[in-house]
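Chain lettering (A, B, C and D) follows the sequence in which the chains are written, and residue indices restart at 1 in each chain.
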Amino acid sequence: MLGYLGPEGTFTHEALLTLGLDSETQPFPSVTSCLDAVRAGHVEAGIVPIENSIEGIVTATSDSLSAGELLQIRAEILLPVVFGLYSRPGTSMNDVRHIVTHPHAAAQVRQWLAENLPDAEVTEKGSTAAAAEQVSHLDSPYDAAICSSAAGELYGLKALASGVADNPNAVTRFILVARPFPPEPPCGHDKTSLVVHLNEDHPGGLMEVLEQFSLRGINLCRIESRPTKDKIGNYHFSIDAEGHIAERRLQEALMGLHRTCREVLFLGSYPRADRVPQVVNDGVRDGDFEEADTWMFTILNPLESLDS
Amino acid sequence: MLGYLGPEGTFTHEALLTLGLDSETQPFPSVTSCLDAVRAGHVEAGIVPIENSIEGIVTATSDSLSAGELLQIRAEILLPVVFGLYSRPGTSMNDVRHIVTHPHAAAQVRQWLAENLPDAEVTEKGSTAAAAEQVSHLDSPYDAAICSSAAGELYGLKALASGVADNPNAVTRFILVARPFPPEPPCGHDKTSLVVHLNEDHPGGLMEVLEQFSLRGINLCRIESRPTKDKIGNYHFSIDAEGHIAERRLQEALMGLHRTCREVLFLGSYPRADRVPQVVNDGVRDGDFEEADTWMFTILNPLESLDS
Amino acid sequence: MLGYLGPEGTFTHEALLTLGLDSETQPFPSVTSCLDAVRAGHVEAGIVPIENSIEGIVTATSDSLSAGELLQIRAEILLPVVFGLYSRPGTSMNDVRHIVTHPHAAAQVRQWLAENLPDAEVTEKGSTAAAAEQVSHLDSPYDAAICSSAAGELYGLKALASGVADNPNAVTRFILVARPFPPEPPCGHDKTSLVVHLNEDHPGGLMEVLEQFSLRGINLCRIESRPTKDKIGNYHFSIDAEGHIAERRLQEALMGLHRTCREVLFLGSYPRADRVPQVVNDGVRDGDFEEADTWMFTILNPLESLDS
Amino acid sequence: MLGYLGPEGTFTHEALLTLGLDSETQPFPSVTSCLDAVRAGHVEAGIVPIENSIEGIVTATSDSLSAGELLQIRAEILLPVVFGLYSRPGTSMNDVRHIVTHPHAAAQVRQWLAENLPDAEVTEKGSTAAAAEQVSHLDSPYDAAICSSAAGELYGLKALASGVADNPNAVTRFILVARPFPPEPPCGHDKTSLVVHLNEDHPGGLMEVLEQFSLRGINLCRIESRPTKDKIGNYHFSIDAEGHIAERRLQEALMGLHRTCREVLFLGSYPRADRVPQVVNDGVRDGDFEEADTWMFTILNPLESLDS
């Protein structure tokens, strides 16, 4: 059983379908409830949005992953963000006064609305699918929903407009999350996600975190700060690094962080959705680490190595 | 005339009152409209929330400051976040089924609600004051609002509970924003705000940004990444550094960033609300820079300096 | 059998005596011949000068250690540098026209000679002991030697002046060198010596070397560049670091250098002669490394660790 | 009048001749006396050796430049190091038992001697030219000198062997030194020489020095440590950096060192003898600094800049 941020017809649901998995699926009303169901073992894994190219990190997801029982990411999915304006059959563009949608969707069609429906009032709902469901009721106070085509069709609505997106490159990133599992083998375009809590009152702490990666030739894909919720001005960092935990350079960098930071959470190594192949520099390949091990052995055991 | 994120009775309104300014005030329905009114010169300055110890950066404020016509911060204000549960007179705790509030407020009383009103349904509004206003209508679908005492009283509501806050240390930071102005003299506990856009495809770029500060002995109070909205995985950084633009070390660091980054926005130097006095190390005081200037002059003009 | 840079009566000989060892000893005419005798197994270990607080590194020693078959340092000795002016009995200060000594000794009494024997001509010999031996011959062209009291006495000379030293703090550092051996346990004030050859054409290479140490909280006692003899402008670095090869932080730093530099020579871990106790920071103690190993094991084997 | 490390016929003399200057010349018996004559104004400039690809830095030159009254380098010259074996007419290879030469020359023909004159004894003199002069005396105790062809010919000697050099790529670097002068304009392949004294007891000090350069995109050609002569383990650094003091990036880096180090000596900007053209990166060109100045002016004077 796979959980997802529902209801049926959300972009998350669409992302889940792209995985082509055979499992049964179950919608959850919120990111938190979906991830908690994974933690409790009610579902094997859950799919939730993590980042949007317009609005940034999805804080509910980020915050749930960085607190509570540890979960790990098994896969990521990228979906272009394209909406439609959907209404009950019989409604025309001219009739649309009240629109309902999710706040992120509202942010991404603001300009289109300003040009096409400047007088419409927008109300926010918890998901675009919930917005579509609302509009499907005959007594709904809303005339139309901004939602995915999947949601529009699911609730028997009619598209007044499609391909609605202020930024045609907008994309949302989703992740498939499970309880900790033995890492799968690297695929050559891997990514590793972490949460790093710095020691307090340690100026230069962030720089040391970056050095743990740079000294091992590891590029970062993403680094974001999030408040730690206890005191204004305290942050932890959510980091995506190139490479896989099976690589020695990643292991040494993570152990370096573990030694010097207050807390480090390993959130999984998994294939990058953009399939950019990784380049590993001279000196930080697994073979280089193994050779260094052998060299250190001969230093610590010079007689043994002379004998053999 | 000073603008603020309204309506009357919001925490922002309360923050504005703590400034003790004589000016007339004008509420605005959104952060964006308030800041645009400052840009257009309709108000002299505007006060908006920028950061919350629970939810993190207020993205609308951060994004408006980092795009569009340049604005600058003149002051910051810290307010503790404490809510009340307010209803129309005659409503008792037992009657409360439908609550309305702002999403950030909802996030900060989640636990209290789970313990005290586990069955209440929460609907989100654009501000806690708007929520209070809604509840004040006799035909409101909502039984109570989570809002500030100011808002509750303003709309004639009755407190069913006060001092409601899951985290008693929660605080919101507000800023007073104006059009660019000549910097005021340092006060000894100053802060400088920036937005830095890295050059694309430049791994190690963030490390270089941090070095521009560390090499001049400047501590950072805050660094946050925000998506640049054009492509997933592109970020700019919102930075608060200790110190004042009138200091040579800050000037040199900012000029270093200006030379090596795609774009740097100076968002002002202003007193820290927490009044933590700054410590400036040997070698980066203004006097050290002046002495270095003199030394360089004698290198470039050895004969002149020998004469004098 | 222990070798030393002879002849009998040199400062090196004196340094050897301070070790209080029971072994027989054998003088060698040059640093190179002494170290080659160690390499060939003709002597168990050899003692040679490595550094002088006035003249700097002893290049013959440094260059021999960084080329040819690997040797390792077992101990270091510090001796104050104080000379005497020694002549054949019957010679007075007024008679001294021609002085003979070692170039380093000449450099360290230059000022004393300028004040006391401004007209004397100084000739250079391979060692101060050889200078004393020369003067002991009745037909020597030299009137006096600048040498140690040991050498003066050994050759039956008379002190015309003693305590001769331009800089009363001058000190020479000697090392006891042997073939590679299993490291002895740390004593708490340890030092580790290395030679590091950078990869050519790698700007920033030295900085990376320093980072390999600084990231593991290891202070350097000394870093010197030496030409690699193949091309002007090519250098290797002779490094003394705090700490012992038995420590995990040292092992990881050295393996990091081994991975990323052209060649790294381990020249031994041994007690510091100045007995300055070492301070190891949080996060880089052996226990921190062990804890990080355990953490990484649980990441790589989550099921196993959950079971146990 | 130009001084040089004499006597006539030294490699330094040869280097001086390559400059093709019209001035009269005067030999000095030592590097120190030559440089002191420059300081005293007895000669306009002096030429001395500074570095040898085999032996490394010429410590007398390096130490004189880093102490006493400030001098500056105007030019550098590279000369290949090739010796001849020169004797009085009538001497054959078989007769050669006693050879005299300068210690550096001895070091550079050691292997050749081992192969060709394994039994010859080598005595050291202050210069190869002085060695040649010695051999020219009929009653000299020496049979042959290792010296330059210029010196051999000058003293009427006969070449028993020429092109003598263990390493055919060996080269010596000479510098033309004068009292401080206004910097000449950059030529596009410039070099700047410095001496940097770190603040004592400041671990990480060398790394900060390197960062002052790297942050401004300045490559180092050479960095060498030299003892400061007061205490073993104290060093200053002799540094050659790419670029010219007329460049803003060099000025800012040097002022950064001046602010944070105990002492910085500027030893001149001058053309590289190897004529490798310099590459200046984006962000650290003079135009980038000027643009940053303008930007900072608008920040500090927003009204003025809005007016204009």
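What we mean here is this: contacts are C-beta pairs under 8 Å (C-beta built on N, C-alpha and C of every residue); 3 or more make two chains touch, one makes a residue touch a chain.
None of the values given here were measured: they were computed from a predicted structure.
In terms of the stated touch criterion, subunit A and subunit C have no partners in common. Annotation: the subunit C:subunit D pair of sequence copies touches via predominantly the same residues, more than half of the used numbers being shared. Here the spacing of subunit A and subunit B, counted between their Cα centres, is 26 Å. Mean C-alpha position of subunit B lies 58 Å from that of subunit C. The distance from the centre of subunit C to the centre of subunit D, with each centre set as the mean of the Cα atoms, comes to 26 Å. In subunit C, the residues touching two or more other chains are 211. Chains touching one another form the pairs A-B, A-C, B-D, C-D. Subunit B meets subunit A in the complex at residues 51-56, 59, 78, 124, 167, 169, 171, 173, 203-204, 206-207, 210-211, 214, 219-227, 229-233, 235.
Interface of subunit C with subunit A (complex): residues 180-183, 208, 211-212, 215, 245-246, 251-252, 254-256, 258-260, 266, 282-284, 288-289, 291-293, 295-296, 299-303, 306.
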